[in-house]
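The same subunit A turns up in both complexes below, where it pairs with subunit B and then with subunit C.
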Partner chain A sequence: MKNFSPFVIPFTVGLIILLAACCIKWVRWYRHFTPVQKSQIRKNLISVNLIRALVESVNECLLHHRVFRRNLMLGYMHGSIALGWFLLIVTGAVEAGLEVHGDRHVWVAVFLRYFVHDPEAVCPYAGIFAQVMDSLLLVVLSGVSLAFVKSVYHKVVGMRKVTRHTAFDLFAKYSLWFIFPMRLAAESATASLYPNGGWLTDAVGSLFSVETARLMELPLWGLYSFSLGLFFASMPFSRYMHIFTEVPVIFFRRLGVRETDRRSGYTMYELSACSRCGICIDDCPLNRDLDHKTVQPVYFLRDIRYKRPQLETAEDCLMCGRCQVECPVGLDLISIRRQMRDRGTLDTAGTYDYLEKVKPFNAIGRVGYFGGCMSHLTPGITESMKKIFDAAGQKYWYMDENGSVCCGRPLYQQGFSVQAAELRRKNTRLIKDSGVKILITSCPICYQSFTKEYRLEGVKVMHHSEYIAGLIASGRIVVTRGDESITYHDPCELGRGCGIYDEPRKVLEASGRLLKTGQEREKSLCCGHNLGNTLISFEEQGKIRDSALSNLTAPAPDIIATGCPMCKKALGTGNDLKIMDIAEVVARRLIFS
Partner chain B sequence: MKHNIVIIGAGPSGIEAAHCLAVSGEHVTVFEKMEDPLENLRNKAFLFPDFTSASELTETFRTKLQHPYITYRGGTSITDMERMDGRWVLTTDRGEKIDTDDVILATGYRPFDASRKEELGYGIYNGVVTSLDMEKMLLRGRVVNSIGDLPSRVAFLQCVGSRDSKVGNNYCSKVCCITAAKQAVEVKKLLPEAEVFIFYMDLRMWGQGFEEIYRSSQQDYGIRYIRGRISEAAGTFDGKVQIKAEDTLTGLPMKMSTDLLVLMVGMEPSEGTRMLAGRCGICGEYGFARSENRHLYDNVTSREGLYLCGSCKRPMCLEDVISDARSAAMELLKSR
Partner chain C sequence: MPEFGFSISKGRTIDFDLLDSARTAALEGDDSGLIKCMDCGTCTATCSAGAFSDFSIRKIHTMFRRGQYDGVAEALSKCMLCGKCTLVCPRSVNLRHAIIRMRQTLRTSVPDDDDLRHYLNVL
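Coming up: the complex of A and B.
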């Protein structure tokens, strides 16, 4: 056979294993998509979303834009290897297309220099190709070197902790690292014998004597092929499967596929799309404040993927969403965590009989107000809302003043999906029967539930910060601006959960002097009392809270404001700082005309 | 200016210590941040366990403070103190430096700020008051609800700000159980028709005569004790307070509306105690001042010439405060 040498066998075998395993996995997972997910894909298949997905794939899988935003060095490390290698493959294929005619086996492009000794003779651009390929190789090598430095000195890429990998992942990683130096050595050996090198391979090749080059050429190509084969064969079973799953995840997501309450085929894609980069570790409050080392998504997803999920890991998470903001793959980490907490089948018959006693109310012409269970422990908030409604001349129906029904989200987050649905059904009926067109809530937990887990068509759900901001903007209430300084705590559920960052700030700026803090908006710190975690102790919650407080108190404000009754309680625990809800801040400064 | 002994704080403990030293021939200066001494005691009506009128005691202490060897400096707070060349140098809020051999810290406690337990509605609903407010009403001899009428129901809640890790105070304040029993009896004396409830975790009737008050409050005054903490309070449209609690003896949740909810607030170290104990490096748990040894040297500190007495160390009842003040004076004299 022309253009064949036995040394290509390891590479070829590896490639076959890789492609076969990928295909099998892809097809199997796709078959486990829910009917809704599949119909989403069909519905959006021919749309501009496809182009968006393509752009995102290039941005994230090759350029690693999100990683760059986090840390330049880390971005360079990921980007140089991914993009560099990708271009090496593409350029190599093009070059092979121009230089080899007939017998163009898959391995020919990969080992081109071995098979084409005098490229200039067949292709006028061969010289340019050689220079370009060498430069690309250097880019990849620089990325690999950085990865090596990172493994001993994490700070170089701005990480405090890095992933503790399994032995198998390490094996795959080392075979990956091995590929490029081997390629350089093999091509250089050949370049010292034939005129087919570029600037780099020529330079390295000049270090070989002709005898050594003759002796070493074949073994070096063999090692190169072997490391490629090893890496390819380990890819589908190691973290490197992410290379082949990130792109489909991006496409599915762009086509409207979302995680569901139960694990689906899409979850399987997401699980494998995690590159175990470990970026989610550093900012997790459980890591930062409590040194819980095994619960972050990187480990949690790995445990599920390798079928050794730990219930404790599933439970030990605040669901604060901080990791999700950092994850460069944009995985839906919270939903996957929730799926693992599935307690829907637990028998709770009879527990919800009391729901029947809550009677409907005709509230046509009013707005609905839902304080939420937590607001019952913070009457300062609900009383302030009453004042604000009165000042705006707004008739309202305080839906859960007596005999309240929980929105269901605390149960839902703990995996009681069926039970939560029961509460949702009741509240949905109450809301629909009441005839309200606007439902306002002071609790971001309820707000997230109403907007995402309920189907309340025809009812506009608002967090009280949105509502108050609207009242101020339209002049329905007037507040005097005081000179007290305020820092604002973004509640996880409101900020990262629902993307509401601006309205609370607008309201506070209208009432006082809003100061900036070091970590705010999507980077804000959890108050530690998020309902997501029922495992950590009161003392542990306290440590997380104190971190959040040190961020909030750093600018020495007169008032710390927040928009969540839960956060308000949490932040005020064990101290006598002045913690207020935005509704209270406003209610104190109302001017009645 | 030279002073032999400075006492910071003119509550019962500061005055008692000053008086003991004065009668032993020492010259003492007493600093008090308020103009008038005995801030906390003046707001009390009757004292447990024997219902002595607090004003009697106040008068006695005022007389003691008149001793010719005592210089009283009201309205002056000490903002800093430092040990220099074997003496203490104190700084007042007027920037004055006071140089003295010995200092007795009698800076006492402050009542817990009940609005920190927001779910109980203090500062939000007028029907929710603290034990201090109740004491003032008793002092005036007139207990009224939020709209100025005589209440038909009064509920007391124990352990507000004490034994509560949520506010960071895990300790028992020691005096509020018996104070609630005492106040309940007084309310009942004023308003025999009213229903009076006391919500408690457990009752700590540790002192002489306490148990008797507790028993008589039930037998003679019909006061009802319910074991369980109140989880939340909400105002009603007619100015009452609706409370939710769990009766932990029957295991049943309960709701009740009441005219007055009285929060039995605990004791926390006063600002002065926190600050000065911190400055002197004798800050103990929860911000109270720490003595050298709870058994043998409870008035002495790790700092030479610095003594402690009274509730700057921990929650104490009046009887204990007074004995403690005497023992602090004795410790100081011993070292002379």
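Coming up: the complex of A and C.
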């Protein structure tokens, strides 16, 4: 056979294993998509979303834009290997297309320098190709060197902690690292014998004597092929499966596929799309403040993928969403966590019959106000809201004045999805039957539940900060601006959960001097009391709270403001500053006409 | 006189010979801190479910700690898990955690069959 040498066998076998395993996995996972997910894909298949997905794929999978934004060196490390190798493959394939005629086997492009000794004779651009390929190889080698430095000293890429990999992942990683130096050595050996090198391979090749090059050429190509084969064969079973899963995940997500309450085929794609880069570790409050080392998404997803026991890991998470902000793949980590908390038969229907006696109220023409369970423990918030409604001349129905039917989110977050649905049904009926068109809530937990988990068509749900901001903007209430300085704590559920960052700030700027804090908006720190975690103790919650407090007190404010009764309670213990809800800040500064 | 508002509790004698504390023991090593409870009842006073029914979380976890499990699992399923009890507890008992654990323990722990339990080596 022309253009064949036995050394190509390891590469070819590896490639076959890789492609076969990928195809099997892809098809199997796709078959487990829910009917709704599949219909989403069909519905959006021919749309502008497809182009958006393509752009995002190039941006994230090749350029690693999100990683760059986090840290330049880390971005360069990931980007140089991904983009560099991708271009090497594409350029190599084009070059092989121009230089090899007939017997163009799949391995020819990969081992081109071995098979084409005098490229100038068949292709006039061969010289340019050689220089370009050498430059690309150097880019990849620089990325690999940086990865090596990172494994010894990870602060170089701005990481405090890095992933503890399994032995198999390490094996795959080392075989990846081995590929590029071997390629350089093999091509250099050939370049010292034949005129087919570029600037880099010629330079390295000049270090070989002709005898050494003749002796070493074949073994070096063999090692190159062997490391490629090993890496390819280990890819589908290691973290490197993310290379072939991240692109479909981006496409599915852009086409409107979302996680459901139960694990689906899409979850399987997401699990494998995690590259275990470990970016989620550093900012996890459980890691930063409590040194919990095994619960971060990188380990959690790995445990699920490899079917290891994981209930404890699933439960030990605040669900503050900080990791999701950092995840460069944009995985829906909270939903996957919730799926794994499934309570099975413990989650029964019909346990809330006693709520029958809570009857709807005719509130046509009024706005609805839902304080939420937690607001009952912070009466300052509900009293302030009453004052604000009165000042605006707004008639309201305080829906849960005589006891709250919980919104269901605390149960939902703990995996009791049936019980949660029952509470949602009860509240939905109460709200719909009352005839309100606007529902205002003081609790971001309820707010997220009402906006995302309920189907309240025809009812506009607002967090009280949105509502107050609207009242101030339209002049329905007038607030005097004091000279107290305020820092604002973004509650997880309101900020990262619902994307409400600006309205609370508008309200606070109207009533005082708002100061900036070091970590705010989507990077804000959890107060430690998020209902997502039932495992950590009060003392542990306190440590997380102290981190959040030190961020808030650093600019030396007179008042710390927040928009969540839970955060208010949490921050209130453990410091002497005044902690106030937005509603309380405003109510103090109201001017009655 | 059920409508009167006050009633006299039925006299209850706890027979220690009949008491089964295996499931309680299973929870003691847990980090919910239920063992710190001093029965003050603040949890019940603030309870969302208690506002609408005779659900009394204090009564329920007291029964559980005593090893009287009859009806405890059904009662616990009425909890809405809102977490107010945990927030107000003066002994910082992690009640949400305890409630989930009690439910799990009652479902999965030793069967009621006394004879079978003898062979299970859990006591």
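The rule is simple: the second predicted complex is superposed on the first by the 585 of 593 C-alpha atoms of A that agree within 3 Å, B and C clash if a C-alpha of one lies under 4 Å from a C-alpha of the other, contacts with A are read in each partner's own complex, and residues count from 1 in each chain.
Keep in mind that, in the parts below, contacts are C-beta pairs under 8 Å (C-beta built on N, C-alpha and C of every residue); 3 or more make two chains touch, one makes a residue touch a chain.
Since the model is a prediction, treat every value here as computed from it, not as a measurement.
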- Item | If touched residues of subunit A are counted for subunit B and for subunit C, the larger one | C
- Message: For A:Thr480 in the superposed arrangement: first (subunit B), second (subunit C), both or neither?
- Response: neither
- Message: Looking at A:Ser39, would you say it contacts subunit B, subunit C, both, or neither? Reply first, second, both or neither.
- Response: neither
- So, does A:Asn575 touch the first partner subunit B, the second partner subunit C, both, or neither? first
- Return first, second, both or neither, reflecting whether A:Pro379 touches subunit B, subunit C, both chains, or no partner chain. first
- Message: Which partner chains sit in contact with A:Ser47 here, subunit B, subunit C, both or neither? Use first/second/both/neither.
- Response: neither
- Query: Touch check for A:Thr212: first (subunit B), second (subunit C), both, or neither?
  - Reply: neither
- Name the contact category of A:Gln414: first (subunit B only), second (subunit C only), both, or neither. second
- On subunit A, what residues does subunit B touch that subunit C touches as well? 376-377, 538, 569
- Task: Within their complex, state which residues of subunit A touch subunit B.
- Result: 376-380, 383, 538, 568-569, 572-576
- Query: How about subunit B: which of its residues touch subunit A in the complex?
  - Reply: 113, 116, 118-119, 121, 124-125, 165-168, 231-235
- Task: Over in the complex, which subunit C residues touch subunit A? Could you list them?
- Result: 31, 33, 46, 48-49, 51-53, 55, 74, 77-78, 80-84, 87-88, 92, 94, 96-97, 100, 103-104, 107
- Message: For the complex, give me every residue of subunit A touching subunit C.
- Response: 345-346, 348, 351-352, 354-355, 357-358, 373-374, 376-377, 402-406, 408, 410-411, 414, 416, 419, 423, 529, 531, 534-535, 537-539, 566, 569
